[in-house]
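The two complexes that follow have chain A in common; it is paired with chain B in the first and with chain C in the second.
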Partner chain A sequence: MIYEGKQKIWSEYQKEIPDDHYFYVRSCIRQSFFPASEATFLEITRNRLGKDIFETEHHTTCGGIAYHSDAIPQETAMTIIARQFGLMHKYGYENYVCSCITSFGLYCETLETWRQFPELAAKIADILWKTCKLEFAKPRFIVHASDLIYHYRNEIAAMARHRLVNVHTGEPLKVVEHIGCHYSKMFPSKGVGGAEYPYVLAGMIEAWGGQVVDYPERRHCCGFGFRQYFIKANRGYSLSNTYKKFESMEPYHPDMIITNCPGCPYFMDRWQYVIAEETGKTYGENGHGIPVFTYEEVAGLVLGYDPWDLGLQTHQIGPEPVLDKMGIKYDPSRKYLGLKGKDLGMPVCPGCIK
Partner chain B sequence: MKNNVLIAGAGPAGLEASAALQRLGYNVILIERSETIGGHLARWDRLFPDGESASAALDSLIEGIWGVKCFTDTEITSANRLGKSFNVILSNGIIVHADAVLMTTGFDLFEASKKEEYGYGIYDHVITNADLEAFFRNGSDPRINNPSRIGFVHCVGSRDEKAGCRSCSKVCCATAVKQACEMRQAFPNSQVYCFYMDLRLFGRHYEDMYLSAQRDYGVRFIRGRVAEVSENLDGSLMIKAEDTVASAPLKVSLDLLVLMAGMRPSVSGARIGSLLGLQSEDDGYFRVMDGILDAQRSTVPGLFLAGAATGPKTLPETLADARAAAVEIDKYLSVTFPEAKDFKQLMRKGW
Partner chain C sequence: MGRLFDLLMKDYRLREGLNACINCGTCTAVCPAAEFYRYDPRRIVDTVQSKDEDAIEKLLKSDTIWYCGECMSCVTRCPRKNAPGMIVMALRTLSIDLGYFIESEKGRQQFILSKDLCGNILDYGYCVYPRRFDYAGHPEAGRVWEWEEKHLDDVFARLGGNLDGEGPGAVRRIPQEDRDELKKIFDATGATQRMKTVEEAAEKKAEELGLTMEEFTRKVYNESGPQHYNH
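Right after this comes the complex of A and B.
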């Protein structure tokens, strides 16, 4: 591997990321999968970094989940998106940050479609005004929330309480970075580092002391892939994708996985249980799986937040091996306590994987 | 009085045209921007289809330019029209009053790192066709370590709209087949795969070379493009491709991957062309007066073109194009400068 070659590509794919003043939109599914991630993003950016990140309860889905499932046509998704942008404009913002990778890809696709077919943009603007009385607007800058954390990675590193380093050996943690397919595979120039060797998560890992694992199936889909999962008969495809990735990364003995997509951490986390149940195989140490995190969760751990406040108890694969390696103190008895100490109940833990 | 002919580019086309025009009695000034002459041929080892020595061919071409004023490490810095001629200032300070200018600026090899998915410049064992020729010439390359599984990817930077390279580079298929056979000669225990879209081998003996690659060297031809390249833990490469004949995806581990980088219009040639007012077509190569009947004339009187400056060509085609350009220049100068005719006839009688 020629690291300088990657650096050259990274230098060619650096997008402009404004430092402040963003209109924030959430993902449809992340609050169910990893409920504290978006709250952590807002906590870090607003309260630790002092940034102006605005959100409104009036925003909706971008429509991507239906669009990519062939349930709605592109014009419908574009109208929903035009409404989101219209809200951004109404509240006086021109920088748009979204939590979801699929949304990010769809926003890029929509803006490019409007650029190439202005008559379509005009039609959508007309529909938007008739249905919502909102003014049609396009964001000046559109970024994914992981772009923003990447942008702030060195500030976060400067405030770090913990690093991605094994405190017992002094060695950097070996971290697999998994990028959502819709981040830059469709529009390489819209992603930090491009499509083939994205740097958005690798940059965080490097800044926070870890070592990036580049394994053969790095680019492969996590297994979500919408119709692969939503259509029940196709779920074998979904599982086989995930299995392929874990078989490929296994020889590198990764300590953890970081992702930037709503679906990827969910499927890479949950399917490890199914693989263990079906084959008896686990990919971590001593019967553990490989812990899978969102980038907000990792930023939160680096900054010293309590793992259970970050929602790590909602993961299938227990995060404890990584917490122990990073030297993070945690109270096991608090693991299944929710807000204000509410008892969430002890889940039934499978015997095939920890 | 002899007419001056300025030739820009001392690759095979420039050398061959220089020799021909010199023999026709013209005062030939040959300039080359790099330090050595011979162009890409100087970096090649053997030539398809019969494996002739590239250096022997080049030596023969160089012998032919005896008497030609040749300036290496020299570029055109400015040019303007002066009556029927051109006033050309060279980077070495010399001013040439050229009655005709021949552009033999050749081509650039496609920058293989632009096809990021193939990992040239990222993975240790991904090389280009030019790198492999250098290995054949020099006998060593740290990236080539007794490989047992070797892959060739055709059409890297050719017939690829995404890379902005629509045209076929014409020579890569034959070069790949030649190099695949050479690798089997160099590493007899190796297995060689060629990943191709179409095999465009059209010349005399080319089919024999292709059949020999399959029959005598056991090269496996897989009709399908490589989708991505990754590196395994042991440093070998993992290739994902599609076998369109078998209608199946394919994954194979290789020790070496050779990218057949295609031909691109010369960037420095384009710079000179803009100084001289030459037009290019959408593909970046120079426009000719008529692609069938007048393929060596540009749209500017007195400016001529030969070789890969007007599109991908094999070496024999390039040399034939250069000879044709010499004849066209002679025709043009005889008409445009009739006063020089007697001198030329005198010269030619002396041969």
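Right after this comes the complex of A and C.
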């Protein structure tokens, strides 16, 4: 499809994203594996941009992973979600921002089901009151945290210390963008750019100087598959899907990958390691893998935060090739230190991948 | 209409997700599971809309309904706005409710998923909790996770987390009163009953197979027969 055609499709899927005043809920996976990304999201939105992003310790999981592993019924997930919305209402907010893509998809699904079946919404409201003494409420606007960073992308670009450009050649970095399936595959109108040409990450890449890589399996799932990863006997499913994506993107020689789903960066990072250890194959340059980042990490790099404050030391695929290309200074000797320089040792080096 | 189809139609996901399927196979063409497993979502939707009770019962007792990864790629592509992934979720729910899930190798995995994920929600308020994600059980998590696991408190402190701490923050300790509310929600909405159903069926199946629960758990978690795969 010609570029103008894509632009037209994107223009039909532009959701309204309020500028400020959000009730924030965390992600089970992102906070467990990328705690610095959530910290960076709050640092950028609250401290750099001066936005009101409220968090209460009383919110919980949305139950989405258990729901999509078929461990809890739909009404259980809906009532947990109603509890989150009830907390939002209790604290005086009507805009809701979530860190998790599985949650975002489930919130959209739940709100749509309640719209279609108001008697179910009434039943959930009743259960919510009986179990939690909270008032049933729906958010006026619901966005994923990547929607907000997309919304602020030009303000971030205006404050940029680094760009997604190879400082040695002046060329834009070639960036693969991977959108979590539940961002817009179920409800295309709920995502920036829809499901076919989602623009939420592409917009960040373009605003920050990079070049988006278009490749055949761009929209293929990372392979999480919930039960297909949690049960060891099924993990070949997860690995095979990531493998398919990397084989597809390899001819385009991407410099980096940026993701908006909490699970996808974990799987695309770790399965590269497994493929290298099992077969010796690596997809980056000179024995490296292709570094995989969350959008918060990339925003943090663009704004000049220390890579080790952003948590890049917790990736199995080292980020250094991208840092070097962007001209970012970093201290390798501090990579694995704890607070106040505490010595935590360092991970064992993998055999086949840098 | 038959009993099983009527039960399926009580599920909102089926009522939202099943329109007249034209059997075009687009869902199967884009399905990540169909490439890996011997799996064809087109046939599942066709079986359900056929209302053939015997075929639906066979499906509910089969491995087939457990192959889907619930990515919902099929939902985007269906020209008739069907949602095969949602139909699969409704089938799984009914399979569990009727105890049929325990008849298939992949269905039995529900025992571990229920125990682990519901356990995490009730104990911590999260579906995933890092102290219960060990490198020994997840070697693919890499040598960097092996290191993180050894220094989890220090790594979380370094990265702005609040592991098991008071107040807001990443992996904070969710107050007991909030976790009590989750338990009340579980009791009121059928999650506690589902956990019980799954556990009792697993115990009965383990006994039938002559296995202790520990042996049963190990077998279900680790073993996958060659009949599932496309190669």
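Convention: the second predicted complex is superposed on the first by the 353 of 354 C-alpha atoms of A that agree within 3 Å, B and C clash if a C-alpha of one lies under 4 Å from a C-alpha of the other, contacts with A are read in each partner's own complex, and residues count from 1 in each chain.
Operating definition for what follows: a residue touches a chain if its C-beta (ideal position, glycine included) is under 8 Å from a C-beta of that chain, and two chains touch if they have at least 3 such contacts.
Please read all numbers here as calculations on a predicted model, not as lab measurements.
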* Of the partners chain B and chain C, which touch A:195 in the superposed model: first, second, both, neither? -> both
* Asked: Which holds for A:219: it touches chain B only (first), chain C only (second), both, or neither?
  -> both
* Asked: Who does A:174 touch here: chain B (first), chain C (second), both, or neither?
  -> neither
* Which superposed partner A:288 touches (first chain B, second chain C, both, neither) -> neither
* Please indicate which partner A:153 is in contact with in the superposed arrangement: first for chain B, second for chain C, both, or neither. => neither
* Asked: When the two structures are overlaid on chain A, which partner does A:144 contact: first (chain B), second (chain C), both, or neither?
  -> neither
* Dominant contact partner of chain A by residue count, chain C or chain B -> C
* Based on the superposed arrangement, let me know which partner A:162 touches: chain B (first), chain C (second), both, or neither? => neither
* With the two structures laid over each other on chain A, which partner does A:252 touch: chain B (first), chain C (second), both, or neither? -> first
* Regarding the shared-chain residue A:89, is it in contact with chain B (first), chain C (second), both, or neither? -> neither
* Asked: Which parts of chain A are touched by chain B and by chain C alike?
  -> 195-196, 219
* **chain C - residues contacting chain A, complex** => 11-13, 15-16, 32-33, 35-37, 66, 69-73, 75-76, 83, 89, 92-93, 96, 106, 109-110, 112-114, 116-118, 121, 125-130, 133, 137, 140-148, 150-151, 154-161, 166-172, 174-175, 178-179, 181-182, 184-186, 188-191, 194-195, 220-224
* **chain B contact footprint on chain A (complex, rising order)** => 1-2, 5-6, 8-9, 194-197, 214-219, 251-252
* Quick one: in the complex, what on chain A touches chain C? -> 26, 28-29, 31-33, 35-36, 38-40, 55-58, 60-61, 63-66, 68-76, 78-80, 83, 105, 112-113, 116-117, 120, 127, 130-132, 181-182, 185-186, 188, 195-196, 219-221, 223-228, 230-237, 239-241, 244, 269-271, 273-274, 309, 311, 313-316, 336-339, 342, 344-350
* Asked: In the complex of these two chains, what residues of chain B are touching chain A?
  -> 113, 116-117, 119, 121-124, 228, 230-233, 238
